[in-house]
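Across the two complexes that follow, subunit A remains constant while its partner is subunit B and subsequently subunit C.
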Partner chain A sequence: MNFLNQVGAILWKDILTEYRTKDALTSMLIFGLLVILMFHFAFEPDSRETEKFGPGLLWMTFIFAGILGMNRAFATERENDSLQGLMLAPVDWSAIYLGKMLANLVFMLLAESVILFCFALFFNFSLMPRWGWMVTITVLGTLGFASVGTILAAVSMNTRMSDVMLPILLLPIALPVVIGAVESTAAILTDPPGESLTFWIKFLVVFNVIFITLPLLLFDFVLEE
Partner chain B sequence: MKLLRVHALSTFIAMLIALYAIFIFAPTERTMGFIGEVQRIFYFHVSSNWTTFLATFCVFLCSILFLLKESREWDIRAAAAAELGVVFGTLGLISGTLWARPVWGIWWTWDARLTSFFLLWLILLAYQMLRRVVDSPAQRGRLSAVFGILAAVDTPIVYMANRWWRTQHPAPVIAGGPGSGLDPRMALTLCITLGAFTLLYVYLWRIRCELERTADVIETLQRQLQTQGMEVR
Partner chain C sequence: MNLRPKAVVQIEKVEKWFGRTNALEGITLTVRPGDFMVLLGRNGAGKSTLLRVMARMLKPNSGKVEICGFDVRHDPERVRQRLGFVAHSSYLYRHLTARENLRFFARLYNLENIDQKIQEALGWVGLEQSADRQVLGFSRGMQQRLAIARATLHRPEILLMDEPFSGLDLEAAELLTQWMKSFVSAAKTIVMATHDLEQGLSGVNRWVFLEKGRIEKELTGDFQIIRERYKQFLRERKGELS
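This part shows the complex of A and B:
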């Protein structure tokens, strides 16, 4: 079994479990919608304010919902010691990281697409003219968030307060993703798109390259017991 | 032990020289008007911040070495450096706000450098917290080393992101192009203070490591006593 097959097997296992339980997706979705509702009451934005604060609000929702999903990623593996089984399997441990990371990415993207749709609907926020850019930015931003999030979820899983530790460790490290994603989302809202758009997209790509390579090198140390 | 005492003495003397240089030798800053004396806090401020960055870099190096060598010694060094990073970072933040208030009229501004320094301080705090919630020492070492490396790589990226995000941050005063620059006496004072703070940092670092090693020894002794059935208070 080559490396890609191993990654695929772990990804498929996670998708199958999620398909049967629907734990992570439902919690992320409901939470995301609740955050949107909270924002409405907290800010009562008119259309100009939505344009100004929209990108920020959207990414805050994505990130808080994402943390909720990440917390589940390794928590489920602890039940019945299934992580032990995964570690004993004849696979490279970095394959476990990549598989888990891709699974997190898929779940987050699914939840985000629904959240984005509801956000546009509730706040009368039109993304349709530039949906191609929006998809690119969402995938890049979420990839960066999932790559850092997966390794830090594995770190916090080994601590006494895993649910609390994940946001404390993850939010500061993921700050560049937030800046890049919010700025590029804001850039596609103007007509024509702001010139900073390509810059921030390049920035996100660089961040992703660094923070996918680094966890691949470090993940072995996190699992080791 | 003798070397440590020499180190302590030299730190003390360097600090005295730095105090003299800051308050008596260095000229008073003129452009800030009657509050020019306030500028003297600059030497403490820059030195504390420099020490915080130095500590973060030490955490980064020691974390890598720990993962490569799996020796407790490097874990102790990384942890001690991170603790000192919090201490000097707090000093840097406090002296910064105290200086900003009379000069800029505000305590805080979301400038690139301020924001990323604040974030670095938060990351160092998170590192402390992480160490407290892992029970097994070997695992604590590995997990905090992984976080330390990720955090150290992240910090410069955050700084650059912040710079590009809001570009109206004040240009650096020292070496910031024509017209900027320090009075030679000020520059000398700054160098002395930086040296004194670095000495102080290394001294505290060594003591902190020594303390941790002693704690390890005590723990081992206690465990030995317990296995022999003795009561340990």
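This part shows the complex of A and C:
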């Protein structure tokens, strides 16, 4: 219970800070909407093109918007050396990881829900018949991305040019989750949903289990020194 | 497990390397309950590193550190439960109010009666009127007072202080000195690192001079005498270098 209480405290602190500053959400939303708008003019948004390019475009927007938000994840911890204060508390350091990861997940999902709505609007893509699958895939894909992104944001926090370092480290490692999310999104755009859907959903679940467990075990080494 | 330790801090032959630089060279030190110990030395002497090793923010390369009978390597959470740390940085969140900051740390320390403890702590450092203001509007002195409230909210046995006077005006520094005296008089322990003795300190019973990661001298006595001895110590070291 103590562990969960501490995770909850870190999550509450990040959400309250974001509510006051709106740094991560604003940058993710503006970037995401601009990209959707540019793709709208670059591609003819008929249903065949949406089926062909839509999943890739959508997840590319999610991922790059997510990186912008992820770069902010540890920015508040750098002000006044607050991360040191967290490390001094009698907290299992994996609780710090879990709290920050959940905060990133919440911010990304909020931004993605607006981006997804605009994507559906601009690309004539009806969400209604597939919304259940779409929500499942978005949550699984974002969870995988946030789990890897949070630990790498902590790694890159103290490097020179940390804003550039994060995507360089993150994109190769998060590639499997991006592929899984794009393929499963493509599978639900066909009617009826493609047979590969179950495989890609299972793939995302396995990826998430591995990439949430590993950072929980490794976060101590990242914070130490 | 020793539940009634004679020493609150027991450091044995601690070494700490940063790359090829030896920041701590075989430090052995004992701190007893009620001690007010000041670590003196120039920048880079190893004072902050020693405090950070004691708080288990840094892992020593060799040697042993025990706080209240708990090994910092094996029981870091129990050790941190008994420690408070005040540094030059406040470790506070600028966009949270003073009360929200304390509530956050109280939850991390799993405290009970949080509201009551926060109110007491705010009163103790004289910040009741500013409790619901965001920290970003606080002066340096107010931030340092709130940092002390944060560091002592869980009633630690030992308070580690790293250059706590830096950036404080005279009034705030005087308040901090008074506060430290009252903390030690309650049979608690302070280990403080500083590089200058311009700020008058009272209640200190042990002065430890550090140089190049080693303990050079340990003295007890009146502040004015210690200040002269420290100036002489610095002059000698300067002479050795030139």
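Please note the rule applied: the second predicted complex is superposed on the first by the 218 of 225 C-alpha atoms of A that agree within 3 Å, B and C clash if a C-alpha of one lies under 4 Å from a C-alpha of the other, contacts with A are read in each partner's own complex, and residues count from 1 in each chain.
Please note the rule applied: a contact is a pair of C-beta atoms (placed from the backbone, for glycine too) under 8 Å apart; a residue touches a chain by one contact, two chains touch by 3 or more.
No experiment lies behind these values; they were computed from the predicted model shown.
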Which superposed partner A:L214 touches (first subunit B, second subunit C, both, neither): first
Touched partner set for A:I173, first subunit B, second subunit C, both or neither: first
Partner chain(s) touched by A:K13 [first = subunit B, second = subunit C, both, neither]: second
Subunit B versus subunit C as contact partner of A:E224, first or second or both or neither: both
Touched partner set for A:V91, first subunit B, second subunit C, both or neither: second
Subunit B and subunit C footprints on subunit A, overlapping residues: 224-225
Contacting residues of subunit C [partner subunit A, same complex]: 55, 57-59, 77-78, 80-81, 83, 85, 87, 89-96, 100, 104-105, 107-110, 134, 143, 150
In the complex, subunit A residues that touch subunit C: 2, 5-6, 8-10, 12-13, 16-17, 20-21, 76, 79-82, 84-92, 224-225
Partner subunit B, residues of subunit A touching it in the complex: 148, 151-152, 155, 158-161, 165, 168-169, 172-173, 175-176, 179-180, 183, 199, 203, 207, 210-211, 214-215, 218, 221-222, 224-225
Contacting residues of subunit B [partner subunit A, same complex]: 67, 119, 122-123, 126, 129-130, 133-135, 139, 142-143, 145-147, 149-151, 153-154, 157-158, 161-162, 164-165
